[in-house]
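In what comes next, chain A is part of two complexes: it sits with chain B in the first one and with chain C in the second one.
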Partner chain A sequence: MSNTTIEASSSKSGATQSDSAPRPLLEVKDLQVQFTTSTGSFTAVRDSDFTVYPGQWVAIVGESGSGKSTSAMSVLGLLPGTGHVTGGSIKLDGEDITHYTSKQFESIRGKRIGLVPQDPMSNLNPVWRIGTQVKEAIVANGMDVKREKRSELAQRLADSETDGHYHGDDDELFIGSAQLPQLIENARAAVASVTDDAEAVEKAMAHFNEQWVAGSSTRWQVREDLIAAGVPADEAKRIATTYVVGATMDDRIAGLLTEAGLPDAATRARQYPYEFSGGMRQRALIAIGLAARPELLIADEPTSALDVTVQKRILDHLQFLTDSLGTAVLFITHDLGLAAERAQHIVVMYKGRVVESGPSLEVLQHPQHPYTKRLVAAAPSLASQRIISARQRGDAAAADASLDHAAKDAQQIAGSETIIEVQHLVKEFKMPRRKEMFRAVDDVSFSVRRGTTCAIVGESGSGKSTVANMVLHLLDPTSGTVLYEGKDVHSFDRRQLLDFRRHVQPVFQNPYGSLDPMYSIYRSIEEPLKIHGIGNKKTRLARVRELLDMVSLPQSTMTRYPNELSGGQRQRIAIARAMALNPDVIVCDEAVSALDVLVQDQVLHLLNDLQAEQGLSYLFITHDLAVVRQIADDVVVMRQGKLVEHATTDEVFNSPKTQYTRDLLDAIPGGSLKLGLD
Partner chain B sequence: MGKYVLRRILQMIPVVLGTTLLIYALVFALPGDPVKAMFGEKPVNDAVAAQIRSEYNLDKPFIVQYLLFLKNALTLNFGNTFAGRPVIDVIAGAFPVTIKLALMAFVFEGLFGVIFGIISGLKKGTWYDSVILIVSLLLISVPTFVTGFVGQYLFGVKWQILPVTAGRNPGFLDLLMPACVLGSVSMAYIIRLTRTEVASNKTADYVRTARAKGMSNRAVTMRHILRNSLIPVVTYLGADLGSLMGGAMITERIFNIQGIGNTLWQAILRGEGTLTVSIVTLLVLVFVVCNLIVDLLYAVLDPRIRYE
Partner chain C sequence: MTAQNHAIATPSAQGALPGQERYVAPIEETPLKEVDSVDESQPARSMWSEAWRTLRRNPLFIVSAVLIVLVLLVAIFPSLFTKGNPNYCDLENSLNPSSPSHPFGYDLQGCDVYTRTIYGTRASLSVGVLTTILVVIIGGLIGAVAGYFGGWVDAVLSRITDIFYAIPLLLGAIVVLQMFRTSTSIWKVVFVLALFGWVSVARITRSSVMEAKNLEFNTASEALGLSRGRNLFKHVIPNSLAPVIVVATTSLGTYIVSEATLSFLGIGLPTTVVSWGGDISAAQNLLRVAPTVLFWPSLALAITVLAFIMMGDAVRDALDPKSRSL
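Entry: the complex of A and B
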């Protein structure tokens, strides 16, 4: 694969597109999808319209349950369970595929429409090697592993790339791994014969070594690379024709994986999914999705399960690949910022309907539908300021009060002592089957000021949750101390510990897992009061009512069970439970990560209001810098167990000191987009 | 891998010691005098009885008896039965029949259990599935001896297709009905296990991904749904082979098969400690080895499991 060539071509793709006749690749009209349930049928998608043109990125944005994935899956004929299309039409390149039989769908899947699914952890079969699973996609679509299959669009790009010397089929033969050493050797001789500069030869060779990948780079790319390095056209043609004669299946598998950005692909192909990280699995899935060179790729939240920096790298790569192959992408995401950054066109879905669609910037800057407006306002990736408390948000009448409050706030913060102090914290874990210890947390020191929010940011595996668990005294540190109100947490006796537990409460990531499904909401919230022997039945009931009020849930919630509540409601319950004992500190471990943006926004506001009213301190663990900006006063950036940066939120966002923090900030999708909200 | 196998084999030692001691204690605690039982209704001469007691170590304390048994067992000398036959001969005579029966039952339950389970799982919710489910439920809830007698009556007496009992040196046809009866309950469990696995794998994300690749329904079913569904089934089958070897007591009695189960039954009735303990020890060994094989097989089938 030739980077330079493709980068150049991708910049031209826009122009080429506009030259071609604007015939839509995918046209979905008035789509209606229903699921049959025991109580009748449920309409998941109604009157859904969207169009994708060749080579275009179109994003469908919406919260979970909005019907965005369902719409996309009906295009592939892969609706789950009892789902079926009950109305409207789906046209692929002018052909109506709405009522295709399963055999007909088989013939277009992979070959014409590819899929990159959402969750990399569950979408690869654990018992087959990665290479085998890529091979399945090649074999199922009868792909010729010897040569590249290029779309018309991509062929035209190739033609312009080679000044019209593109010869089609044979020019698309791949380098084979068997011929690669000879090819490199001959290329070296050819380059050496045209220049005496040893350094230039090495430079050219380094370029070749990097760019020429067996099973991925083609004859014409090799020829163009040689010509670019100064080799005469005839000689370049001779070398390319002699030594680029097609790849084997294994070469092609490795080539596809390399294209998807997987290093050392030939070895990796022989590994099993469990040996891959989430990011690597997603790359394998991208390789699978593009294996048969489809005209349209459906990317269903392809990076939502990944860390932001990985997310950025993978999307950059996917964009570069689809641009060079001329593949159109239907990009499904819940993140408006991400959609606006990647796609030319945005379709917003809400409760099964398309409520708005248009060019990305248009939708972002002039949202028409109220839902879109809320979405734009709530998108964490687009927010640029810390949330201000309810009192401060209050109307004009409350302005005085809010001023007063703000003044008090400021005073409090300025004069506040530290409530939690972490000193030189180290945690080592024993690795299975290995002698040396793994340092999950390596000499971390920071402090949380009373009444403020301190956020710990980092990618998965950075040790941020381990720190939180040590602060909560759920894990013993290998060395270092955690001070709460100046006292060492890990020297507490039983009674002191109980008292500490009362004042420092956790809220965990998964609102589904942290509430006992057998406990009513009342019992869940009452439990901490009972454990600490506070009040009698009557006062406890009053307290539960008060707490539900505090988290803006109706009193009737008390008698319900967790499975009857939504994710956002459950997280409110978890917060109410944490608040039950009037704690000083709440440790939120990814407390909003599992929630939809709008719900996330509500919960963040709730946390913030509670802080303003009760003077709470938060230790906020998150991987999402955008959330940090909304909630935190201080930020601790962690990477591989080490503290990378510790400063106030403004300092971190405005003048990050380390490259790593800058990378994290750059990775926030939509960070550079301008909004035009009233 | 080698280390793991070695560790597992070493783990067998306490298992075998523990079970033999337990069985020995149980046999020892059985009411009744084995010597008297030998003579049945006839009166016993005290001197003869004492001699027999000393010959079979019955006059020594329990723990000494056990240790003597262990010592002899190490040299593969399991002593004699009360009738004077070497225990090892009795086992050698009975075991091949049991192995034959168990293997036939194993093939029967594995083959039909998996096939019906797959069909049921793939066609979940259809009448086909319902029929298979009801039949499997019936097989699970009806005791083996009922299935056995019904089989004997229908196939043996009424239609006279298969022999009613097996007798000595049974052939394939003699054992066909006993094997089906023996394997029927496990087959029902395998049907249900396979069905659940297939039904849940059918909607797995990686199956959808496989379909999205453009693979044919057949290929997806074979390579993704079945391959993954059969891993727990194979584990169950392996563990079941062990219990088939020892658990044929009822079936062997119904069909009068002179196998290990029948022999064990008689040994317990007669209070023959040595024979009982020897057979049970053997069964424990068979069971432990089967389990080891299952665990190793599991690693072959599921790459996520690696033993070091």
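Entry: the complex of A and C
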């Protein structure tokens, strides 16, 4: 990096500016971020470049530890712990903010750059009402609660929408809740006076009732709505000017929450965070992030913790909102599909560097850097097919034929070779301080065929994990039966149960919790052999080595401890342990959900290869339909404890029978995009 | 290294805004690593070896460890540090000031203060160590059972714990020790301190076990066929030891103080046993006349207690769950 290039590039941008090209809102050049640790310093981000223009969505994509969040946080001056910017420059609207003091950063945070943090559960203060927390954001940034603050870009947009009637200032006054009933009444009279059609009046009124929100809709919007409904311009102007005179603080709080998509916002504002679901909390955080109308919103994995359908609704809403306000969004995600769907420009980061950037579709459809290619290849999407096992891959010539063949075989033996059958399973839990029981699982029946994968898909709270735990005999059902090879699992005595445990093994979701941190990897994998008294010390050691080979981990891993391994490696250890007793069935409860795309892909391939080699049957619990497509033969869709749909994977994906399944499919990010390698 | 140097412009990128042209980094800059490979160059580290590494570098630990080793040596081999006999007293020497051969001087009875301080170490330390062992066994067991099995077992055990918690240590000890005035063994003090001391360890163990039992690996082991009872000893207890060790180390010091307090009150160790508490008690009237007689055993007591409390702090830092995660 030399000075001449800086000058060259700045003079170049100066030149383009005179050509009336838009000015970049955020310009990050050669950013370098270091963390000081006890053993020296560690460079988390190096030579990172990206640019965001007003009103644009830019996505930074990368796996965990790639430096994507660190890059974004350095823009806000919010680097955690010992992190500090050691090189490069960050310019906000042409002004260099790289070496701002914390006080200077405070003046731009909220006001000019907003943040929607990653974890909705821990980012709201549990002892304050939601409304108070929104109010804090309004007050701290000195926002006028009477008027909307619209960016220049959005003002130009408003101007063109209103045929030049837009004047700014008083035109931006909000509706107040005190005047709203009168406004509606007068609007009704005005609309009724221009049309005799009662139905048209009702339709217009319904539109007004929905659109006109106290503390959110402004005078000019009311005027334009009235004109659109046929009211003469003079009358519309009179009504809007008389009855839209600005909002109160409470109106504005409710208005902001409504904008973020929270229904019944005035009541909700008086509630506490614990009364909110994850999706609602994230909406509150969006309201807070946008409260001071920043020019740039940094959204750090804003929906990663949420269900896909909730994610889709929230992002749709956020996109609509930022478009109308002219807010640019710097969107951080690990999900390629999501990035492609939402952002115009995409920045791929790997090991602290930007490895590829460009228009999002172009990057994803014609990836050039090997890392991007790898990411695109591993990204599960609707377009992907079921993973073909290594054995079948080797059999390239007959691959297609054998797949068909296997499928036919499987169908032929489906009747006789059911390995797990679940019949009318019901599980009720006692709710605290409630009389009635909560039905977590409600009359669910399905079966798993030997040697195939059956996936249970559903959102959080659908009861899918409860079903898995009952199949594993870790929970007793309220009623209904689980049959393993025709025998009722819950009627087993001690010895039969121990035998059942040899045949049916789980792999759990949390790779950080499912291995005892005090046990070496050797002891962890050996444990099942010891419990079941299999072999002696020597044969057990040989078996552990064999199992590590099976999950493609070096044998030296044996002496290590879980805290030294990555999430994906721990999950492979968990699989090795589950495989130790040569089971027939493995129940994977969200086994790949916590992993990065590439690692997830690797584990899915491993599971699939093991299935082909050992004839394993999987019961695969997941919330991710794209993963289902890659691994499952049959799908069970669950919603609120009930079975919604049960069919083969192809049937579910090609011709879903219920609206809920269709919604789920629609919500898969980037589902409609065709990703591909050249 | 600016974007311009390496940008590979593709034909369709020409419409892009400045700064957003298509850019592909040269591969040499970030060579692709194999997905999720294990770093075999690092030596394997368990939680304990990790904690040991942290401890070794903590000056607090080094200072306290040196002190504790020294105190232990004194307690086990007092004759290495003094040639004198703690019970040899000559009234002729009463309150004689220090001299090169008797650096701490003499007390009222004419006993050598240095020798008595050295010999007093054993009594104080034995009480501290034995009480801690007893407390960890009783408190650990009750806390672990209460936390692991929960339900009515927990309810009963927790109420019993609460009852003991409500009795002030000193008050309880005075009442109980009054009954054993005639006993000359140090065990009576150990038992009394343990009787009222196990409560804090039980509480810590209970909460620590309750946290450990809800971790997912317990479910995994249950699904492997491990019985509940064995799971407690194989997985839950090893995972809940860390806070118990911290509390035990810190309490060791406080037990020594309690012993001294009881001896000071005249109901602790019998007068035939040389102990710091007893000597401090005997010296209290001499505070104005000969403060050094009071000073030396008190200093020994303070240094020993401080060493154990510092050790507890260092161990807590090393075993802190926050520094343990990755």
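The rule we apply is simple: the second predicted complex is superposed on the first by the 632 of 678 C-alpha atoms of A that agree within 3 Å, B and C clash if a C-alpha of one lies under 4 Å from a C-alpha of the other, contacts with A are read in each partner's own complex, and residues count from 1 in each chain.
One rule holds for everything that comes next: a contact is a pair of C-beta atoms (placed from the backbone, for glycine too) under 8 Å apart; a residue touches a chain by one contact, two chains touch by 3 or more.
Everything numeric here is computed off the predicted structure, so don't read it as measured data.
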Chain B and chain C placed together on chain A: clash or fit? fit
Here the angle between the directions from the C-alpha centre of chain A to those of chain B and chain C, rounded in steps of 10 degrees, is 30
Per the contact definition in the header, classify A:Q602: touching chain B only (first), chain C only (second), both, or neither. second
Partner touching more residues of chain A, chain B vs chain C, is chain C
- Task: Could you tell me if A:V127 is touching chain B, chain C, both of them or neither one (first, second, both, neither)?
- Result: first
Exercise for the section: Using the touch definition from the top, say if A:T242 reaches chain B (first), chain C (second), both or neither. Expected result: neither
Which of chain B and chain C A:E564 touches, first, second, both or neither = second
Practice task
Figure out whether A:S655 sits in contact with chain B (first) or chain C (second), or with both, or with neither.
Solution key: neither
(request) Could you say whether A:L285 touches chain B, chain C, both of them, or neither, answering first, second, both or neither? (result) first
With both complexes superposed on chain A, which partner does A:N141 reach: first (chain B), second (chain C), both or neither? first
Least Cα-Cα separation in the three-chain superposition, chain B to chain C, whole Å, stands at 5
Overlap of chain B and chain C contacts on chain A, residues none
Per the touch rule, the chain A residues reaching chain B in their complex are 76, 78, 80-81, 102, 106-111, 114-115, 117, 119, 122-129, 133, 136-137, 140-141, 272, 274, 285, 288-289, 291-292, 433
In the complex, chain C touches chain A at residues 1-5, 8, 10, 12-13, 16-25, 27, 29-30, 32-33, 35-36, 38, 40, 42, 44-47, 50, 215-217, 219-226, 235, 238-239, 324-326
As the complex stands, chain B meets chain A at residues 203-217, 219, 223-224, 227-228, 231, 301-304, 308
Chain A residues touching chain C in their complex are 1, 5, 8-9, 12-13, 16, 21-22, 24, 27, 29-30, 47, 49-51, 53, 345, 350-351, 353-359, 362-363, 366, 368-371, 374, 472, 474, 497-498, 501-502, 505-506, 508-510, 513-518, 520, 527-528, 531-532, 553-554, 556-557, 559-561, 563-566, 568-569, 574, 577, 581, 598-599, 602
